[in-house]
Structures are given as C-alpha cells and as structure tokens.
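Here you go, one structure.
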Amino acid sequence: MTVSLGGVPVLVDVSFDIVDGLNLVLGPNGSGKTTLLRTIAGIYRPQRGSVEVDGDVGYMPAEFSDAYMTVMDVLLAGGGRPPSRYLAWLAAVGLGGYERRIFSELSTGQKRLVLLAKALAEGKLVLLDEPTANLDPARKAVIMRVLQRLKKLKTFIVASHDLDLVNIADSVVLLRGGRAVQLRPEEVDGEVLSETYGLPIEVVRSGGHKLFLPRYDF
Amino acid sequence: MASKVWMAAVVVVAIVAWFAGYYSRAPAAQTATVVTTYSETATTTYSTTVTTTYLTTVTTTATVVVRYYPITVVDALNRTLQIAAEPARVVSLAPSITQMLVALGLCSRIVGLDQFSYQLLKELNYTSCLPADAEVVEINAMSPTGFNGDAIILLKPDLVLADSGIEAMWARDMQKLGVPVYFLYGTRAASFADIERDVEALGKIFDRARRAAAVVGWMETELAKYRTPTNATVAQIVWINPDGSFYAAGNNTFVAAEIRAAGGINAIGQGGWGPFEPSLLIAANPSVIVVGSMGFNCTYALQTLRNIPHVSSVSAYSNGRIYALSGLAEDAVDQPSLMSVYAVAMFNMVMTGRAPHCLDTRWFLQQFPSPIPTG
Amino acid sequence: MSGRNLVLFSLASLPPLFVLFLSTGAVFLTPDKLFAGGPYSVIVYGIRLPAAIAAALIGSILAVSGAVMQTLYRNPLLDPYITGTASGAAFGALLAYALAVVGLSPAYMLLYQVPLAFLFATAASIATLAAGRGRVYATVIGGVAVSYIFSAATTIGLSYLSSREPQIPPLAFWLFGYIDYVSYRADALLAVVAAGLIAAAVKEARRMDLVAISDELAHVRGIKPDRYRLFWISAISLSTALIVSQVGVVGFLGLMAPHMARMALKNGSAAAVVPASAALGAPVLLASGALARGLLGFSVPVTAITSIFSAPIIILALVHAGKRIDS
C-alpha cells in the first residue's frame, strides 16, 4: 500500500504479511511506523492498495492523556465490551484488583498495562505503538513478558525503536524511506540494522537472546 | 450518527416553532378590567315636542346616555391598550405620574405607588388624599425585574401607570404577567409638549379630558410667566466622580428643555447624561452651575464642585453663581411633570440672580405654596 | 459517595428547594400562604412556579454542558459560554435598543429583543466554531477572541446610544441573569432541550471518555474526535443561546457543578460526572435563584449568588489539584 499524509508520501509501496504472534515494525524516527499502524487500524486510508483485517482491532496508543478517572472507566471508555471481559484481561496483564484505582495516580508502566489490557479486550489483532518507551528495565521486562505470554492468543503488531523486542518477535518489518523489508527474526543481524538506522549496530548473543549495541562514537 | 442528526433536527424545529409562536401573537392589545360607571360628560338629552292634529300635545323627552368606554389608547411605547371601563384601582410607578394623578383629582384611586412617589406626597403633605388601603410598592429601577410584580399582582389594579424612560425594560415582563400597564413619556419627555401630552393621555384614559385641558392651560400660563430670554448658560450637574468626571444634563434631556423654557441656554453641548470629561465643563464655561444634592447637605454638595480640576476658571464658579437643589426643589427639576413649571421658575430666578444658593423644600414651599393644582 | 447516591440526593433535595423558591420574592410567602390558594395563588402558580421549573431545567442544562465541555476539551476551566454566547446575546439585546432609538417603534424592541439576543448568541458561536473547527486549542482561543469583539461592540454601542437617548435601560439582565419571569411555554422548550441533551450526554458519556483519553483511540473506535467535539459544542452553544435569550447569563454553574461532582465522586470520568452534574445543577440553581430573589426585597442577579457559591468550590478544587501536582 501507499500512504500519503498531507500530500507527502510516507509509505510507498509497502506490503507485507501479518503472521500469527508478534510482528515487529522497526525503523528510524519519521520512517512511518506510526503511520503504518494507524493505517492498519483504519485511521488513515491508503492512496493505493488496501488493508485487510479480519475481526476487531485493539489499539494501544503511544500518547494518552492523564485522565482523572478510575481504571475501570478507562477500560470501559468507548469500548463497548462487557466489563467482565476487561477485568479478565486486566488480571491477565497482572493488574487484577486495580479497577478502582485512579488512572492518573498510577505509574507510567501501570498506565501502559491498563491500556494494553484495554487493547487486548477489544481485538484479536492488537496494534501497539511504542509499548516499551520511557520505561525502566524492570517495567519493560514486565511488558515484554506479557507480550511473550499472550502472543499465542493474539496477533500483535508492534511499532517501536526498541530493538530488544526482536527477541520476542515472530516477524520483523524494517521500514526505511517509506519502504519495507520483511525478515524473520533470525535474519536480523547487525548489517541489516545498521543499514536501516544509518548507525553501526552490533548484535551480540548473551544468555540465549540477542543484544543490540549501537556504536556511538563519543 | 443518524440518531444525533435526528435529535438535532428535533431541537432546531422546536426552537423555530417556539419563536414562530412568538411572532404569531400581535403586540398584546391589553384589556383593562372592571368597574362599570356611566360617563357623566357624555350624556346628551334630547327633548322633542310633538304636536298632532288630534288636539293632543305630547312631549317626549328621551335621555340618551352615550357610553364613553370602552376606548382604545396607544401609549408612549407604541403599545395598544383597550380600556374597558374607567379604572378604579390604579398603581403609579413614578412620582411624575403621581403628580399628574393628583392634579387630575384621581389621588383617591391610587391603591399602590412607588416609594419615591410616596416620598413626594409626604413632602407635599398630600398623603391624606390616598385611599386608606393604599400600599407603597417598593421598586428597584436598576433591576430589570425590579417592578415588584408580586406586590402589584396582589393589589389587583385595573391599570398600572409606568414611565417609558426608566421603566421601559419592565414592559415585557409586565405583559407576561398580564398586568395592564400604560407607559407615559415621563422621563423620556424632551419638552413641555411631551409632558402636556402625558396629562392629556391620562385625561383620555380616565374620562377627565376637560380637567386635563385645564391643567395643561395652567401649565402654559405658569410657563409664560417665567420665560425671560437671557444669555445665561446653565449647567445642571447631578453627580461628580472623585476624578472630576461628572454627570450632567445634556442638551437633549428634559432638564435642558426646562432651562431653555426659562430663557437660558444649556451649557453642555453633548447629548445624554455623561459621564463627561472635566474639560467639557471648562470649555463650556457656564455662567451658572446648578448641582443636585447628591445625597449631601447643601454646603457639602456645593463643595463637591472642587473635585473638578480647574473649576475655578469656570465663570460660574469664580462669580459665585453656584446653586444646590434638594428636596422638593430637586424633585421639581428631575421629575418631568407638573412641578416642572416651577423648575422653569427656579432656573429663571437662578439666572436672574433672585435665588438663594440653597434651594430646599422649605424655600420651595415658600415660593410655591400649592405646587400641584388640585382645584 | 457513589454516583447513584449523589443523583438520588440531588433529586431528593428538589422538593424542599422548590418550596423555598416558591416562598421567596418581594413578598415572602410562608407555607400556609403558599398552599392556601386565594390571592397568592396567582403569584405562586403564575409567576414563581414557572420560574422555579426554569431554574431547575437551566441548572441541569448548564451543568451537563460544562461537564461535556470539560471532558471533551480536556480542560477543567471551561464553561458553556466559551463560544461567545454571553457577549453575543448582550450585543443582540443592545441592537434591539439601537433599532428602537433610530426610529423603529419601541414596541418592536419589546418583540425583537429576545430573538435578536438568541440570534447573535448563535452567530457568535458559529464564528468561534468556524475558526476552531473542533480543535481544542483553536476553539478556546477563537471563543475568547469572539467574546472580546462582541463585548467591545456592545460597550461602544452603549456609549453611543447613551448620548443619543438618555434613558438606555441597563444591560444587567443580559450580563448577569435574572430567573424571575419565565413563561410556561419557555419551560416546555427548555424541558425538550434538557431531556434531549441530558439523555444524549449520558448515553455518550463512555465515548466522551475515550475522546478525552486519546484522540487516536477514538479514531480506532470509529469516532472522529474533531467532528465529535464540533457536534457537542454546537448542541451546547445552541442550548446556551436559548437559555441566555430567556434569562440572561447565568454564570459559574457550568464551570462549578462538574467540579462539585468530581470532588464528591472522587472520579472525573464523564460516565460518572455527566449524570451527576445533570442532577446537581438543578438544586444548585434553584437554591441560588431562591437566594437571589429572597435576600433583599428585590431580585439581585443570579450570577452574583452562583459566584459566591463557586468561590469555595474553586478554591477546594485548586487545592486538590495542587496537591496532586505536587505529590
């Protein structure tokens, strides 16, 4: 598909297959990751090509307002699903019992988890925009564990710069200059990443997963 | 989304229909109710003598009584009213109106009057002409709903008389309440002709046209006495702010008409009541300044002139031609009504130097012992 | 306090407040006179009852409007007059005077004033919404600008007219609000508007919450946030214009009732605050109206009383917010 925003082409001739499990979309800032996600969600319509989605879509936004309402209210907002379903997914992300807490009083990680639970309740296909941004390593680990666990039940499309997510991905799409390259996670190596990001990146294996080390020249 | 459009359409239609209903009703032709009396002025007696050839002389006298009411009148706000019968219970909402009612011999009909009217009658010592059950209707002229609808409704008046200047904003709500109200020119009067028109209007409403004409004639006679053309320029100042800006009678106000009728010139060239800049007074340079009481005693009222910067350069001030009004004297100037003829007299006396600096109630009653012609 | 309790409490407080409203006025009617019939029944049923009904309905409409605005625009300092309805109405009213002064018969001024006020209140809103087009920042700034323009025009017009016609009645009614003489017909219209607005707002409350949380999420769920905001602010502006043309500007209620609800429920979601505001608005305005009519012998503007009420609420809300920010 091709998507233009405001007359400027953002994604040109992008097409890839969505596999079961976790699809990771990587790319530098401005490469169109969010645009891609929004197009799949139906917010934007492609100029050419089409998006085929079967069933409902859940969405976890990168930015959201600090709403002074209960977690339950956030879950129920505009969703149209029965409360019991939201509560079940709230428990699934590890926040069981938090429904009466005030959303704005939670930590950033907890807020993210609430919105993740909401997205999980609302669709078989779940789109996540930067789910691990601005989180400390422990909180990030929690999110990654949740995604790892749940990807058997859902199909995820995650847009992120967080290269650590490659470790839990089942498919990786690299965006650069509006074009896409789809790879299997094993195929993601330092060369291809360096080309995508324009910065030398080394891949190191440690303790069973890959570590990605950008070579900053200080 | 369709339900939202529907809902919006319903609301819009409801609003349009409501306003349409608003307009489908003509400006209310109101009916004033009750008491039936036969008019005394409109009785015609016919007398016929019939002579037949049968040596019988039959004289027939027929008395035909022409009913005066119902009549249709148009008030100063151009509203049409139907008066079904001579109003027996009247409420007056302005002292200028009360003066006219007293002069027309209608004081005993006043079942309700505003607090300023009552104050005026007290100063004139005329309260005894009111009926025993008359009530003071406390009004607040500053409030758009200050006509005290509750008290008026409880009085069950046949007619309420109001002032189309200060009290016009009450018209809509009074109409909503179904109160039969007639607006006189009152404080919107720009000339004595307007006042006389009010007197005649009351004469028409109460079937006292002859009496009204007599009152108007009296006004004209009094006015003729005091018309001395002078070159005096008079500024009538009603309030002075601490910074020297002031409120005064502009040249399209009734007070200006009074000054002109007395033969003078109104010093303030602009229209309205102000607020005016101090420089306007300096430039106008009146030869006479008259101030209202502003709630103070005479001496203090005169002293407030000093708040106006450079007032000493005004010829009125430097020549000591400054005067203060209070009590009945102030009422006569402020209330465009019968006593305004005395306002003209007072301005004339002030301009020709025959008045004291403090014109108060006592002085007023000395000069004009029976202010309202009740005869 | 739970939402249901708040609504029940508000509804329960209506009958005694109605009685209070019916008792107060230039003539204070004790309960025996109130229900006795006779000479006072005209006052009670002809004057005060329709005004009381109007107060309750208007209170609900303004409160619910404030709650919706504050949710959709994510700004707790908004009130329903944000699109310039207040200044527009004052200008329309002044225009009616101007028409009378330049020669149109004064009787027409009596007829035209209310529709002109409504017309210009709506015109001001349209101007604001055309400038803002549903976007949050643009609408708020646009509303401020439109209000200033109409206020300036009104002030200049007033000064000019005062010099031409010395007896220009004060604009106090339009600027500060008086709920004294309202017809039953107007009550019927207000009831239709209230029912429609409140029912729709309560039904849409969850979706409003979604728009408040994230425009993106709203898009995904099929709501176009800008258009949604535009729809609601148009409905609110129209209702507000109607209210202003009837009773003048009743201030602070739309601002403060949602805050009261938020503080009582300890929850700021529209799902909680919208129904609570609708319920709270009626007794608050009834009480304010009763006080406005009963404190002195004549009516003071109702906005003066609502502003007294709102001062402690706003201070409390600020302290609350301050604590949250600092913590």
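The chains carry the letters A, B and C, assigned in the order they are written, with residues numbered from 1 in each.
Simple rule for what comes next: a contact is a pair of C-beta atoms (placed from the backbone, for glycine too) under 8 Å apart; a residue touches a chain by one contact, two chains touch by 3 or more.
The shown structure was predicted, so the numbers you read here are calculated from the model rather than taken from an experiment.
Peer 1: By label order, what chains touch chain A and chain B together?
Peer 2: Neighbours common to chain A and chain B are C.
Peer 1: Return the chain pair with more inter-chain C-beta contacts, choosing between A-C and B-C.
Peer 2: The greater number of contacts lies at B-C.
Peer 1: Farthest chain from chain A, going by the mean of C-alpha atoms per chain?
Peer 2: B
Peer 1: What is the distance, in whole Å, between the centres of chain A and chain B, each centre taken as the mean of its C-alpha atoms?
Peer 2: Each chain's C-alpha centroid was found; their separation is 80 Å.
Peer 1: How far is the middle of chain A from the middle of chain C, if each middle is the mean of its Cα atoms, in Å?
Peer 2: Measuring from centre to centre gives 44 Å for this pair.
Peer 1: When the C-alpha atoms of chain B and chain C are each averaged to a single point, how far apart are the two points in Å?
Peer 2: Here chain B and chain C have centroids separated by 38 Å.
Peer 1: Could you pull out which chain C residues touch chain A in their complex?
Peer 2: 74, 206-207, 209-214, 216-221, 223, 262, 266-269, 271-272, 324
Peer 1: So in the complex, the part of chain C that touches chain B is made up of which residues?
Peer 2: 25-27, 39-40, 42-43, 46-47, 105-107, 110-111, 113-115, 118, 162-167, 169-170, 172-173, 178, 180-181, 183, 185-186, 189, 192-193, 196, 200, 231, 234-235, 238-239, 242, 297-300
Peer 1: Can you check the complex and tell me which residues of chain B touch chain C?
Peer 2: Residue positions touching the partner: 4, 7-8, 10-12, 14-15, 18-19, 21-23, 27, 76-79, 138-140, 142-146, 148-151, 153-154, 156, 164-166, 168-169, 171-173, 175-178, 187-188, 250, 252-253, 270-273.
Peer 1: If we count contacts the way the header does, which residues on chain A are in touch with chain C in the complex?
Peer 2: Chain A residues touching chain C: 38, 41-43, 57, 59, 61, 63-65, 67-70, 73-74, 76-80, 102, 104-105, 122, 129.
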